[in-house]
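Common to both upcoming complexes is chain A, partnered first by chain B, then by chain C.
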Partner chain A sequence: MRLAVNATRMQLLRLRKRLAIVRRGHKLLKDKQDAMMRQFMELVKSVKGMRARVEDQLQAAFQSFLLARSTMPDQLVEEAICMPGMRLSLKVGQRQIMNVRVPVLKPIVEGSIRCYGFVGTSGDLDISLRFLGGVLEQSLKLAEAEKTMQLLADDIEKTRRRVNALEYTLIPDLIETIRYITMKLSEMERSNLSRLMRIKNIIRAEE
Partner chain B sequence: MNMFNIAVIGDRDSILCFRAVGVSVFPTTDDEQAKKIFQKLTRDDYAVIFVTEQLAAGLDEQIQKVAFQPLPSVVLIPNSKGSLGFGMGRIREIVKKAVGADILADEEEG
Partner chain C sequence: MDLSEITFKDDTRYAYAVGRVRALETKLFTRADFSRLLEAADFPQALRLLAELGYPVSEEIREYEPVLEAEQRAALILLDNLSEDDGLVEIFRRRYDYHNLKVLLKGKHSGQELKRATMDLGLVSVDDLAEAVMGEEVGELPETLARAMAGAEAAFAESNAPQELDVAVDKEQYDFMSQVLRRLENSFLQTWLIWEVDLQNIKTFLRLRWLDENVKLLERDMLPGGSLGTGFFREIREEPLDVLAQTFTMTPYGKAVAEGISQLKAKKSFASLERICDDLLIQFLKRSREASFGAEPVIAYLLLKEFEIRAVRAVLVGKLNDLPKEKIRERLPSEYV
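The block that comes next holds the complex of A and B.
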């Protein structure tokens, strides 16, 4: 669609300048999109592997915990677990990928996993809980990676929209308007010229 | 840098063990209750919330709401009965959104 501007030389110059800027912006955004996409695909690959691994290991951890539980009375398990000696918290930092802010999670462990006495609890419980601790660490990495992936995906989509808006709307519009103004101006010039010639002829005829 | 916590929502049998490793545990099997817990957790300072896939279906709306905020990160985990494949499905959704095509589907078939 043609832009709503007056067909003047002034506008023509302005539009030409604008087209140059828009083209440059489009190229930059396109480069950004490509770079983000490359990083995103790498991330997706690693997240997929990570998730498969974490899911498997969590399953295994649940299984071993269930087994350990079955060897001792329920109440004892609850007692052993209900006052955890270990506290896991997260320090959250920030990092930028292609201008997208993503969180960085750093687990901080206080205390030890085994907080219960030796009496009454089976060794299996110790083993299964230690294993779970390891899995949890991986799960947190997965949490960070999935979040990063999500935020990156959101930004890629936004950038893609911008690139497309420039490429398929703004740039064609500008080109069309510039052509229209050029045509209009040369048409005006021609009509002016022929008018002058005609007037000249009339004046000459009267002399 | 602030300190944040980790939470797990899921059925009791599956997630009880998380309590021993210092994670806050919120056992529930009811969708409505899970929604309430989830909403409370997103307001508190929890950076990572693990949700079992069994509950995730009912929480979809809430999860989508926080999906594009920097925190918290919601991670779907299988429960003790097995994986439903929602976690992988979600990755595929994200890729579809970013790329504009379901490129992972081809990979798996081919």
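The block that comes next holds the complex of A and C.
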């Protein structure tokens, strides 16, 4: 769609300058999009592996917990784990990937994950808690990576929309407008020339 | 501990009790009963089978824990009725007071309402115990519970670690049991307690090793009253697992511990070790059949019933959660599978 501008030489120069800037911007955005896509794909691959590992460990932890419940009355299980001995605090920082701010999670763990005595409790409970203790750090890394992936995906989407807007709307519109103004100016020049020639002929005829 | 040293005193006060228990022993679950339970298609069918086998399962019951608790309660009431020694009843019912004490102490220090985790099978009502734990009416508590509470509070104040509460109460419980049995001069039950403590300490030792926890905890977590002292475990704490198995050969648990350790190494699970320890205790309890009259068969029946209830729980939880049969089987005493 042609832009609503006056068909003047000044506008033509302005639009040509704008087209050059837009083309440069389009190239930069396209390069950014490609780089982000590359990083995103690498992240997807690692997140897939991380998630599989975390899910395996969680499944093992839950199965051990179920097995512990199978050998202990519910009240004993409740008594054993009702008061956690481990405190977890989370330090949340930030870093930048291609100008996208992503979170960095750092867990600070105090105390022991075992919070019960050994009498009356099953070894399966130890195994379950050990799996859970191990999976804690991994799930925080996974959460960090998944959030990074989500933020990158949002930014890729935004960049893609910008690239498309430049590529399929703004640049064609500018080109069309430039072509229109060029044609209009040529037309005006031709018309001016023919008018001058006609005036010249009239003056010659009167002489 | 030489088993030949165990003597059974003919205590004719228990003549009726032994007769009653002998009749009830025939109703304890057999391998065939557990095999049927394990083969049940699903949880409701397992509950129906349990009803057939005499457990108090009514039509409207959909949960397993109330059924097992009712069966446990019935066994304790039977002990109440048959026992001629108050000390015996106290030992086995006091266990629930200690459990309730741990729950209430943890509730107090974590600011939670944990009455759902208490068990209404002890000698002191949960409300009275709760009042004592909250600092009111401590004077009404039996001495052993008051001592356990004070010890647990002191240990917790030092480290703020919740397991300190458990450890202090458990130690007091076993100390109390040991004192009562000494007073009753019952060599069978005294030996049973020594075996129970030793096997628990062996499991604790191996669990601590596996968890790579501080060796200082070894002293803290070991129960008193066993034949293998803390010094024995301190000496072998650095030994590799293969050597460890040999260090127990001079004890009655040598063969069982060696097998448990080899399974622990192979399967990275405590299930076999725990099953083997249970097997040893069950075999030991079955020796009570040599007693003609006395408290031993009554106590042995109660404890065997508890093993049975635990095994039933394992099967029901397995059925309810679709656990692999092999995993359930691993957790049942060899007697039952």
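In this text, the second predicted complex is superposed on the first by the 207 of 207 C-alpha atoms of A that agree within 3 Å, B and C clash if a C-alpha of one lies under 4 Å from a C-alpha of the other, contacts with A are read in each partner's own complex, and residues count from 1 in each chain.
The criterion applied here is as follows: a residue touches a chain if its C-beta (ideal position, glycine included) is under 8 Å from a C-beta of that chain, and two chains touch if they have at least 3 such contacts.
Remember, predicted model here, so these are calculated numbers, not experimental data.
After alignment on the shared chain A, the placement of chain B and chain C results in a side-by-side fit free of clashes. When both complexes are overlaid on chain A, the residue A:66 reaches chain B and chain C alike. Rounded to the nearest 10, the superposed model shows the Cα centres of chain B and chain C diverging by 20 degrees about the centre of chain A.
Of the two partner chains placed around the shared chain by superposition, chain C is the only one that A:76 touches, whereas chain B remains out of contact. In the superposition on chain A, A:40 contacts chain B only, with no contact to chain C. By the touch criterion defined above, A:111 lies against chain B and chain C together after alignment on the C-alpha atoms of chain A. Touch counts on chain A: comparing chain C and chain B, the chain ahead is B.
Of the two partner chains, chain C is the only one that A:122 touches; chain B does not reach it. Of the two partner chains, neither chain B nor chain C is touched by A:168. Remark: least CA distance from chain B to chain C after fitting both complexes onto chain A is 7 Å. In the superposition on the C-alpha atoms of chain A, the part of chain A touched by chain B in one complex and by chain C in the other spans residues 63, 66, 80, 82, 84, 111, 115.
For chain A in complex with chain C, the residues that touch the partner chain are 63, 66-67, 69-71, 73-76, 78-80, 82-85, 111-112, 114-120, 122-124, 126-127, 130. Considering their complex, residues 65, 68-69, 99, 102-103, 106-107, 109-110, 112, 114, 116-119, 161-163, 165-167, 169-170, 173-174, 200, 203-204, 207-208, 210-211, 213, 221, 223, 268-271, 273-274, 310, 313-314, 317-318, 321, 323, 327-328, 331 of chain C touch chain A. Note for the complex: chain A touches chain B at residues 37, 40, 44, 47-48, 51-52, 54-55, 58-59, 61-63, 65-66, 77, 80-82, 84, 86-94, 101-103, 105, 108-111, 113, 115, 128-129, 132-133, 136, 139-140, 142-144, 146-147, 149-154, 156-157, 160.
Across the interface of their complex, chain A is touched by residues 1-6, 13-14, 16-23, 47-48, 50, 67-68, 70-71, 73, 75, 77-80, 82-83, 87-88, 91, 94-95, 97-100, 104 of chain B.
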